[in-house]
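Some structures are shown below for you to check.
One chain, chain A, appears in both complexes that follow, with chain B as partner in the first and chain C in the second.
Right, the complex of A and B next:
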């Protein structure tokens, strides 16, 4: 599997509230996704330079995120600003967490996992979205894609109808039945696990409540059948470097 | 006459559930520290006289002696929560709360065992226990995801209940035995909400954000 490039989805926007942080893993790389209290989302390397603690275990205070271990605080540029054990210290510029280019589009938080902004736009921009959910599946992305290519998803506005799968990009798939369309951001976690960040491409007036429950239930069923049918190697632990060699 | 007495071990998540409820209700109680690790005091004759199962927590309220976390929680709520917040009066909501209490003391037992292995064992956590805990959290996350679609903030009804209180520790402590929170976005939002409740109190392993 090649490492994804361009904009990678790391969370649903609605899942990261202001002042909250969460961990995400993209191809084995640990990322902290957090939102400052002014509402701006950030994605960084999930590692405090002090003792290597995951920043996603920490907590957000205003526009700073603080490490759980010793409370070192970093500003939105990843620069350490405050060390509680040395309150009067002017913190050296070298104490910095690598930050990644981050943006929000289609109800999803995206990152390039580098400081470079991707050239291309987020694939398949859609006007109105209704958040659905993130679905974590113990299957490789390729196997999920294969299954979705022939999946039949009952519609909400019209139950009957053919389901059409489209891969807008490596990291974006859509599933359409009649008027209803799911927009799926694909985050490969490791060779055997994938996160799907799913929104409904349509107005909340139509889908909020019953429509969301309809597709969420279908996704739960999908996860069950994917994991039951996953190829043998897909359900085992990720391969180590030694096994690959 | 006497205050409520809780036979307690600070690091035990079941004892924490009871301390949490007593604190949230603003009740006075007398903690009686039991040396569970390494002393196994809960299995000594004087404790077996109170609970023949040799487990904590044990509650004494006057002449009444109770064991079994869910029994303690429901007794305390029924006796001391006049507002009937924690154990709702409504029949359907009462049933739902009891369903999640049952979930907490059956399915989530795997999580509590995994944590004990991780903290006090020498051979690490058994993979099946970890897997069973993860499956339980998935069921909880699916439930809270759907609750979100109907603007529900809590496991049952329109306010916090014993269901939330009983389920909270296992998930909040899951990093103790290597189950991350990444995969459970609805539970992450729910524990943030729970932590922000007035009178919320922590235990070792649940950080007190400073």
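Right, the complex of A and C next:
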């Protein structure tokens, strides 16, 4: 699998509340996704420069995220600003977490996994979305795509109708049945695991509640079907710590 | 606001069962991370001398990190002397 380029989805916006952090893995690279209390999302390397603890285990205080281990605090540029054991220390500029360009679009948090901002716009931008869920599947992205190309998804507003799959980009797929369309951000976790960040392209007035439950149930059925039918070589034991590191 | 850092110069000698190249690489990485000026003196598989200059707390952090050392080195003793002769009056800026 080649490393993804451009904007890569790393989390559903609605899953990262202000003041919260979470870990994500993109092609084996560990990323912390966090949102400061003013509501801005950030994606960084998930590693404290001090002792290597995952920053995703840390806690957010205002516009700083603090490492769980020794409380070192980093500002939104990744620069360490405060070391509790040395409260009077003017922390040197060399103590910094690598930060990645991050944006939010279509109810999804995207990152380039580098400090460079991708030239292209997020593919297939749509006016209004209803958040659905992130789905973690023990299958390679290529196998999921192959399955979705012939999938039949019952619509919510119109249950009958042909389902049309479209790959807007490597990282964005859509599934459309009648007036209903799922917008899917594809995050390759490793060669045998994929995360799908799914939103409904449409207003919450139409889809919140029953519509979300309808598609969420279908996605769970899809996941079971995918994992049952995954090629033998694609399924593997969960990653070990060494593989993650 | 943080108070101005007190700068000091220290000459360390780390004794033990060392891989000199590995230890130097490790110490260099830590010195750069801690924004310290540094200069190596005599290096062997029994002892490595290194002088550092920078904020007092960060010099202490350097000593702590190097006393653990890389995985292939065992540090048995650390000698610490103030006023590092290896630095010969150099500043942090012209050492790093």
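Operating definition for what follows: the second predicted complex is superposed on the first by the 236 of 245 C-alpha atoms of A that agree within 3 Å, B and C clash if a C-alpha of one lies under 4 Å from a C-alpha of the other, contacts with A are read in each partner's own complex, and residues count from 1 in each chain.
One rule holds in what follows: a contact is a pair of C-beta atoms (placed from the backbone, for glycine too) under 8 Å apart; a residue touches a chain by one contact, two chains touch by 3 or more.
Because the structure is a prediction, the values reported are computed rather than measured.
*Asks:* When the two structures are superposed on chain A, do chain B and chain C clash or fit side by side?
*Replies:* After superposition on chain A, chain B vs chain C: fit, no clash.
*Asks:* Can A:190 be said to touch chain B (first), chain C (second), both, or neither?
*Replies:* A:190 sits against neither chain B nor chain C.
*Asks:* A:126 contacts which: chain B (first), chain C (second), both, neither?
*Replies:* neither
*Asks:* Please work out whether A:212 is in contact with chain B alone, chain C alone, both, or neither, and reply first, second, both or neither.
*Replies:* After superposition on chain A, A:212 lies in contact with chain B alone.
*Asks:* I want to verify the contact counts: of chain B and chain C, which reaches more residues of chain A?
*Replies:* Of chain B and chain C, the partner in contact with more residues of chain A is B.
*Asks:* Considering only touches as defined above, state whether A:57 meets chain B (first), chain C (second), both or neither.
*Replies:* Touch partner of A:57: chain B, not chain C.
*Asks:* Determine the nearest approach in Å between the Cα atoms of chain B and those of chain C after overlaying the two structures.
*Replies:* For chain B and chain C in the superposition, the minimum C-alpha gap reads 21 Å.
*Asks:* Need the overlap of the two footprints on chain A, from chain B and from chain C, as residue ranges.
*Replies:* none
*Asks:* Quick one: which bits of chain B touch chain A in the complex? Just the residue numbers, please.
*Replies:* Chain B reaches chain A through residues 142, 145-146, 149-150, 175, 180-183, 185-186, 188-189, 192, 207, 209-210.
*Asks:* Would you pull the chain C residues touching chain A in the complex into a rising list?
*Replies:* Where chain C meets chain A, its residues are 2-5, 32-35, 55, 57-58.
*Asks:* Please output the residues of chain A touching chain B within their complex, sorted ascending.
*Replies:* Chain A residues touching chain B: 11-12, 15, 17, 20, 22-25, 56-57, 59, 68, 71, 133-134, 136, 195, 208-210, 212-213, 216, 220.
*Asks:* Under the stated contact criterion, what part of chain A meets chain C in this complex?
*Replies:* These residues of chain A touch chain C: 49, 86, 88-95.
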